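Written out below as C-alpha cells is the structure these notes cover.
Letters A, B and C mark the chains as written, and numbering starts fresh at 1 in each.
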Amino acid sequence: MSIWEYANPKKFLRTSERVLPALWVAAGACIVGGLIWGFFFTPDDYRQGSTVKIIYLHVPAALMAINAWFMMLVASLIWVIRRHHVSALAAKAAAPVGVVMTLIALITGAIWGQPMWGTWWAWDPRLTSFLVLFLFYLGYIALWEAIDNPDTAADLTSILCLVGSVFAVLSRYAVNFWNQGLHQGASLSLDKEENVADVFAFPLYACMAGFGLLFVALVLYRTGTEIRARRMSALIARERMMDA
Amino acid sequence: MIALLVRDLRLAFRAGGGFGLGLAFFLIVTVMVPFSVGPNSDTLSLIAPGILWLGALLACLLSLDRLLALDWEDGSLDLLATAPLPLEGVLSIKALAHWLTTGLPLVLAAPVLGVLLNLPAGGYLWITLSLLIGTPALSVVGTFGAALTVGLKRGGLLLSLLVMPLYVPTLIFGAEVARRGASGMSVETPLLMLAGITLGTIALLPFASAAVLRVNLR
Amino acid sequence: MIAVRDLGVSRGGMPVLAGVQFALSSGEALVLRGPNGIGKTTLLRTLARLQPPLCGEILGDVDDIAYAAHADGLKLTLTVDENLAFWARVFGGGDPEAAIRAFDLASLRDRPAGGLSAGQKRRLSLARLMVTGRRLWILDEPTVSLDAASVQLFASTIRSHLAAGGAAIMATHIDLGIEGRVLDLAPFKAKLPAFDADDAGGFL
C-alpha cells in the first residue's frame, strides 16, 4: 500500500468522496467555532480595540495563501518527476483557492490597516509581497486556461510554478530591502517575546486549523471536478475517434 | 552558435526586423511622462530613475513576442531543435541577440533621455550602469516567457502577465541602484544583488526555457 | 540506420498509431502512405525526436537525422545564399554550392527568399537538406508546390543521396520513381483506448 496508489484517478475519486463529508464538517466546525470564540469571547486589545479581531480571518487566510502556493510547488514537482496526472490536476485545482485566500488576506489587511495605520494601503514589504504573489497566481491560472492540450498545460504550468517560486522568494527579499515597512512582525512564532497573548492565540489556532481543513477539502473537491472534466474530454475524444 | 547570432542580428537589422522599435517606444514613454505628471522639474528629477527603468522594462517586454514567434511560424524552430546545437544554447544565443538589439540600445539611450527628465547629475553613471547590468536579465527572463507562450494564439498579452512578476526583483534592485545613485547614497548592496540576479538567471534559466520549448514543440 | 520497434505515437494526447515496426539501412528509402489524419506527420516528428513516443523504441543515432517539415523554415529577408550558408554553418556539414547546383538555384542566389515563388522556396528548403551533411532525411510532403521539372530534380537528388549511402523516410503521395519500400500506415491505426483501463494515467 503506497501513497502513489492515489495517483490513480478512480481510486482518488473514491477515497476523496469518502473523506470529503468529514472534512467539510470539521472545517466548518473549526472556522465557525474559532470565529465565534474569537469575536465574542475574547477581550479587546488594549491598543487596537476590537479591530484586532479581524486577525481571525486575516492570519489564517494569509497562511493558506502561502501554503497553497507551496502545495502547488510540491504537486508540480511530483508531476515533473513522476508524471501522475492527479498531481498536476491538484496543482491546477489549488490555484484558484490560493488566489482567493490571497485576496482575502489583502482585503482584510486593508480593512485592518485603515484604523491602525490610517491608510488602506501602504507599500509595506508584506503587503507588496502578497500583491506580487497575487500576480504570480494570476499568471499561473491564465497559463492553464490558455493551453488546450492538458498534458502540455501541466508541463508548462509546473515549470512556471518552479521558476516562479524562485522568483517569488527573490521578490520577497527584494521588497524587504526596498522598504522596511509598517507591518507588525509575525503574529505567532515559537521563539519570540512579543507574541500574541494566549487568550487570542487559541481561537486563532482554531481558525487556522479550520482554514487548513477548508483548503484541503476545497482542493480535493476541485481536483475531483478536474478529473471528471478530463474524463469527459477523453470520452469525447474517444467518441470522435470512433466516428473517424 | 555564432552563425545563429549573426543570423539573428542580420534579421533584426534588415527591413521589417523591428530593430529600433523598442528604442522608439522607450523614447515615447519617456516623453509621455512629463505630459502626465506635469513639467515641474523637481518632480521629474525625483522620479527620473524609476521612469527610465520602467520605460526600459516595457520596451524590452514589447519586443519579446517576436523573439521566438517568427521562428515558430516559419518552422525554423523545429529545424533548430533538430540541429546539432543544444536547445539551451540556441535560447541563450536568442536572448543575447535580443539584448544586443533591444537592451543595449536602451542602455545607451537612457542617459540621453535622462536629460529630458532632468535626471540629477550624479545619476547618469548609475542609471547607465544599472541598466547595463540589469537588462541582460530582462532578456533572459523574457526568453523564458517567450518559450512558454510560443505556441499560443493571443500569446502576447499572456506573455506580459507571466513575465512581469518575474521582472520584479530586477526592477526593484535596478531602480534602487539608479535612485540611490541619483541621490548620492551608497549603491553597493543593490548593485551586487542586481548583478547576482542577472548572473543567476543567465546561468540557470536557459535550462528552464529549453525545457518549456521542448514541450511546446512536440 | 534507423529501426523502429512497436512504436506508438500520439497527437494531442490521443494515440493515433500503434505497433509501427520497420528497419531501414543505408541506401534505402521508405515511403509512408495513408489517408489524411492517419498520423504521418506525427510519426515523422516522433522519428525526428521532436516529440516523445507513446510507447516502443526508436533505435538509431539522432545525429544522423535531418528533418524537413511542411513549413519551409526560411528567413524571408535573407537571400538564398544566406539561408543556405546559415544552415551549412549550423550543421557544419555540406557544401552550399553543390546544393545550389542540384536544385537549380544559381540564378536566384542573391534574391531574398521572400521574393521567391512557393515552388522556388520549396526547392531552397530541400537544398537545405544537402548542406546538413546528415545521412537520414526525414521528409514531410517534400514535393508540395513543386512543378514536374523540380520533382525530377528532387528525385534525382534523393537517388544520389541513396547511392552515396544515405537513407530517406518520406510521406508523399507522388510516385517519384525511386526504388523504395512503401509502408501503408492504415493497418497501424491505434485502437480505441479501452474503458476501465486501471492504469495510473487512465481517465476513461
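The rule is short, and it goes like this: contacts are C-beta pairs under 8 Å (C-beta built on N, C-alpha and C of every residue); 3 or more make two chains touch, one makes a residue touch a chain.
From a predicted model like this one, the values you see are computed outputs, not experimental measurements.
With centres computed as the average of Cα coordinates, no chain lies farther from subunit A than C.
Relative to the centroid of all protein Cα atoms, the closest per-chain Cα centroid is that of B. For the pair subunit A and subunit C, the distance between C-alpha centroids works out to 48 Å. Separating the CA-averaged centres of subunit A and subunit B is a span of 32 Å. Taking each chain's centre as the average of its CA atoms, subunit B and subunit C sit 37 Å apart. Among the residues of subunit B, those touching two or more other chains are numbered 218. On the side of subunit A, the complex with subunit C involves touching residues 4, 7-10, 83-85, 148-151, 227, 230-231, 234-235, 237-238, 241-242, 244.
Subunit C makes touch with subunit A in their complex at residues 12-14, 37, 192-193, 198-204. On subunit A, the positions that touch subunit B within their shared complex are 132, 135-136, 138-139, 142-143, 146-147, 152, 155-156, 159-160, 162-164, 167-168, 170-171, 173-175, 177-178. Within the complex, the subunit C residues that touch subunit B are 45, 48-52, 63, 65-78, 82, 86-87, 89-92, 128. Of all residues in subunit B, those touching subunit C in their complex are 2-4, 7, 10-11, 14-17, 73-76, 78-85, 217-218.
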